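Worksheet: one structure, shown below.
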């Protein structure tokens, strides 16, 4: 009955999918802890709703655009719309030993979390309706094409030989640059740089970070699409890079003042981001280096962003964009066919060209992601408007968008 | 000396603080309260339909000041905290007999 | 050594069991966020304690009553009491490729969560001691028999051909109707409809919903009892139905007022409930329909319940009962042997009879669950009393039942 | 390519590793809920940071010291430093069907959580810098050697025939006794026994306990190093012992006053601890006995500790030390080769000698753990100092060590 | 004008609010406080045994009213908040010199 | 009768409570507030760099007492709450016209 299905691989991909699913609400808690009390539910809901929204979009059209039969290297055809022909038997081009549906839903969770990452930049001021429309369009017009280019059979970046094991460019660089584009249209929060904008609940941030770390084992480990040595290797380097980055971050902060919980959590996430593209190609020692370098770059990038007074509020670009770029480029440095025969050697193993290919893939994502997002944001802004009114912003989005308050006094 | 107790909308705290600052008044104590007044309760979303909340979140600001600064402070708060809609809040003024600064044990006007 | 044990299937059932275990405290957080601050720990503890209580009950007697050698289609014999003869080798009648103990503990978690669902109806007023006694009796006299009828080898509803992949009737309809019966005896909360009963911490509700969604992959996916195409299919439709239901719910609310976080979370859970009986038999597109229909029914059912001023406090019947019924009946509509050859075709595939069988299984559960629960509740009420005193209710159950307060000021 | 790798076993060990990883932040929440509001982030960070710190230590030197080629039964050589020779192919001496890296990272998580357990004794007063240095040294000088003795190929306690399935002595007895030694040097909290030291957020404790219970399935179930009957058996007894212990705890408390959420959560953890060494060797009924006995011992041990006015603040010794000792000794009583042919029979099955061997292994751990920790603590105290200043303690460690406050008012 | 500060049991808030409402008084400000008085602390459950909490949760209700309404309000609160056991709370009355409604800038009695 | 409102450092609550206890004064009501005064805001750690918090956590302690106990209580609080650094807080004293004990309806001095 199970034509070629391996139960161990299937178990691993299913549980990995569940782990990645958890990351979407987890990123909600990670972000919600950093906003003011009046915007907690808004932030949580903006993340969590994407799991719902993108799940339906993916079934209807997203999966076929991203992974459906290739049309000119650019996009998938509509042949798999509504999951027609996507069933319980494997699709060998993507994963020969698990049901095609398992590959489909694993990828679905990637699409959902990617959109959810963008939330971090627009918290505390974006209209819920506009956000839903933006997300639907962004998933369809930005995420799906890029996913096709990098991972789809026939996708042009894949042909080029770019390595992106679990989504450094597709997910993180993409979300980071799009977050910037969106925020440039949306504008700063009222009172930014003047009013008190304290993180209201840092334990929520820590909870989010813990669940993200946990979920990331599925994100990277699952990207091997089998429960084998490669999955294990990806799992190991994921953990080690997160560890190295978190330690690096608190040491950088300590040099200047104090090592904070917020910094620790941020560093961990940056490490997880940075190892994502590299996770199927590098050794544990390389992972330590990648984590440490990415944390340093991200740390100073956020410093710069703050000095420029851009209210890219929770640093999606600074964490995910920068982390993803550093990771993608360092994949070009540290990749080794000793880890993954199906990969390639990087600079350190005598193949400097890989760095260029990686940089090219990053650049394409930056340009495409920024441009399309900016246009999308402008169009929505001119039509239904991106932002809540000033008064709604004052009162808070929990009340104005959802008619709720997160915490009652009794 | 006077004690000014102002009950304001939470979202107006920053504006009031800055307005007072601009007038040279810095010191104050604030805390979260819940209030009922002319403003009727608000309807919040339950899973289905709504429920009524009768006590609305407000912030109470307490300022102890010299008698002659009192009117200026009241006016400043009124100007900064007003939206014109029911629920803007109220200011209560009462007499303070003595003030002591814990650190220095100074008391009376110099301690304000 | 492992006679016929498949490691992949075993890994999947073990992790699924862990996922379902997490649902019991998760439902505690889901509920606890909706009560007043003075009843938080009471609500959390009432849920979590059932994991402990039912685990021991299940080992001693519950498993053998539910799944032990059949006696007349009605109940299991006591041959497997204390897990005698339940060991590391598979029991082929239930699951041929995993240890019998794995099947046993997977089912244990279902029994625990089912009782925990009922908590939602009695929060803020039921005596802890009475609740423990009720739960023990209910698990033994209501859950175990129904589980035997539907899932036990030789169970009479199973013979009838009723389809209940992961517990739409056994778990959800059963918990929902029993919650109603219990509450009719227990009575309303003091001040219901008059005093302020705001949900005290909606992030807790969101956390609970996120963990429930996560855990439900084990609930439904694990019910395939193997890591195969069917498990994958169940996993996929679970996610999709939850997504569709959550979106439907916030759209319904939006038409009237605002889309709330509380509504989103509720909708997601209703979708998860509704797909439960259907999850091994339907396609992803059918899952979208099931989610949307169930959310609509549940939405209006709760409206009705509120208009009737019945204090079935957190709508166990409205969410789980209604969701379960809709799901069970729609299984009769959408089931397809193309998804699961061991299932059956439903109305849409030319077999209207299945709808009737499904409705019959639901009705039996409604009648049995309601009657026995009502009698149980009456007996406990007349003997030790179901309710705390008025003063204890005023002060809150955290203080009066547990001598604790959930949050300290410093 | 996968020489002898079993995908089901690998899937199980990877997910078990993820589950154990989650336990480190989980224990952070478990502890953080019990401290005062001013020390929440300090407590959370002290736990979570160990995941990062020990992960790097383990890659560099910890794994090779613990599991590397044996030197005289005492310690591993440095041959596997930096994970040299630890790759994707199995190491048959440890686990023949999973990648060597999978075994490595599974064990890494054990090292991390063990150090994190100690946090409970030193909360609210230990300097963050001193804590990091202590942890690094303790992991290297205490944990790694003991892990080698008990689990390393050639380790002398392993040779002796001591049974410790998942770390009763290595992890729990070790952490418990070391916590005591550390606290004897560190001293009581300022105001201990006089000032108000209420647990500030009991839902955090419940969340922590729920995630610990969830993660423990990986801890014990994963220790079978395969997805088979033994893993299932370990999984089952883990759940049952936790259940029995939690129930026992609240019954003990109820006899005296009230059954609290805090007591329930504590009891559950003690049950999980106690079954840890036994989990691969005993039946479910024995697990009920072990859980109930351990809960009782631990309950009275903590009572005694409080009467002695030792500020071993969150009872690491009382919960983990006592639980681990009881579990280790009862393994000697209840172990049966019917459960695990590779184990041994205990007292009840005619082999009283096993009790002595178990007691010996416990004693060695007690003596070694206490002595080395005490010396370590003294050295750090005399050099950089273990404790924050009195003023820093007054203000709280969140502010003084991390310049943060956990919760903002708005 | 008078300021009435009533410290009551948290579980009595709804009853007091409704009693005042019935007497036609609607406006008030409330907040959570902790108190010590004749009522000794309470024992709460620790993991094992108990610990003592000396500050008990109370609610403070503040009402500004005209002089002639004062006694009625005090009586109403007393009647609704009483249980007869230690810990029922206290009411403090003081003088308010002025009241300003932020929205309209009215002051004095009409602003109450 | 007097009302003493003392704004103190949160970490000094236990010390002040014990000092008053030692002097025989037991009753009080406390709550969390945030304050600004001479003490400048503090810098807290953000993910990178810091942000400024202008309102600092303080505790407000309210004690109603007979006129003759007033000075002793003020002195005791000052002694126990002082650190000598800016931010130690202030004490405000005002007049209370009446006190009512809800439980017994006693009023005036005997109710304090």
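We call the chains A, B, C, D, E and F, going by the order they appear; numbering starts again at 1 in every chain.
Here is the rule we use: contacts are C-beta pairs under 8 Å (C-beta built on N, C-alpha and C of every residue); 3 or more make two chains touch, one makes a residue touch a chain.
Note that the coordinates shown come from a computational prediction; the quantities given were computed from them, not determined experimentally.
Undergrad: Through how few touching steps can subunit D be joined to subunit E?
TA: Steps on the shortest route: 1.
Undergrad: For the two copies subunit D and subunit A, is the contact made of the same residues on each side, with over half of the numbers shared, or of different residues?
TA: different
Undergrad: Counting C-beta pairs in contact, does B-C beat D-F or the other way around?
TA: B-C is joined by more C-beta pairs in contact.
Undergrad: Just give me the whole-number Å value for how far the CA centre of subunit B lies from that of subunit F.
TA: Subunit B and subunit F have C-alpha centres separated by 19 Å.
Undergrad: Quick one: report the Å distance separating subunit A from subunit F, using the average Cα coordinate of each chain.
TA: 49
Undergrad: How big is the gap, in whole Å, between where the Cα atoms of subunit C centre and where those of subunit D centre?
TA: Roughly 33 Å separates the two chain centres.
Undergrad: Indicate the whole-number Å distance between the mean C-alpha point of subunit B and the mean C-alpha point of subunit D.
TA: About 51 Å separates the centre of subunit B from that of subunit D.
Undergrad: Going by the contact rule already set, what residues in subunit A reach two or more other chains?
TA: 6-9, 11-12, 15, 38, 196, 198-199, 227, 257-258, 260, 262, 402-405, 409-410
Undergrad: Multi-chain contacts in subunit F: which residues touch at least two other chains?
TA: 10, 31-32, 34, 43-45, 50, 54-55, 83, 94-95
Undergrad: Going by the contact rule set out above, which residues of subunit F touch subunit B in the complex?
TA: The touching residues are 2, 6-8, 31-38, 54-55, 58, 60, 74, 77-78, 81-95.
Undergrad: Considering only the defined contacts, which subunit A positions touch subunit D in the complex?
TA: 6-9, 11-12, 15, 19, 36-38, 196, 198-203, 206-207, 209-210, 213-214, 217-218, 221, 226-233, 235-236, 239-240, 242-244, 246-247, 250, 257-262, 264-265, 268, 283-285, 288, 341
Undergrad: Using the touch rule from the top, collect the residues of subunit B that touch subunit C in their complex.
TA: 43-51, 53-55
Undergrad: Over in the complex, which subunit F residues touch subunit D? Could you list them?
TA: For this pair, the touching residues of subunit F are 10-12, 14, 18, 34, 43-45, 50, 55, 57, 83.
Undergrad: Show me the residue ranges of subunit C that touch subunit E in the complex, using the header's touch definition.
TA: 38, 191, 194-196, 391, 394-396, 402-405, 409
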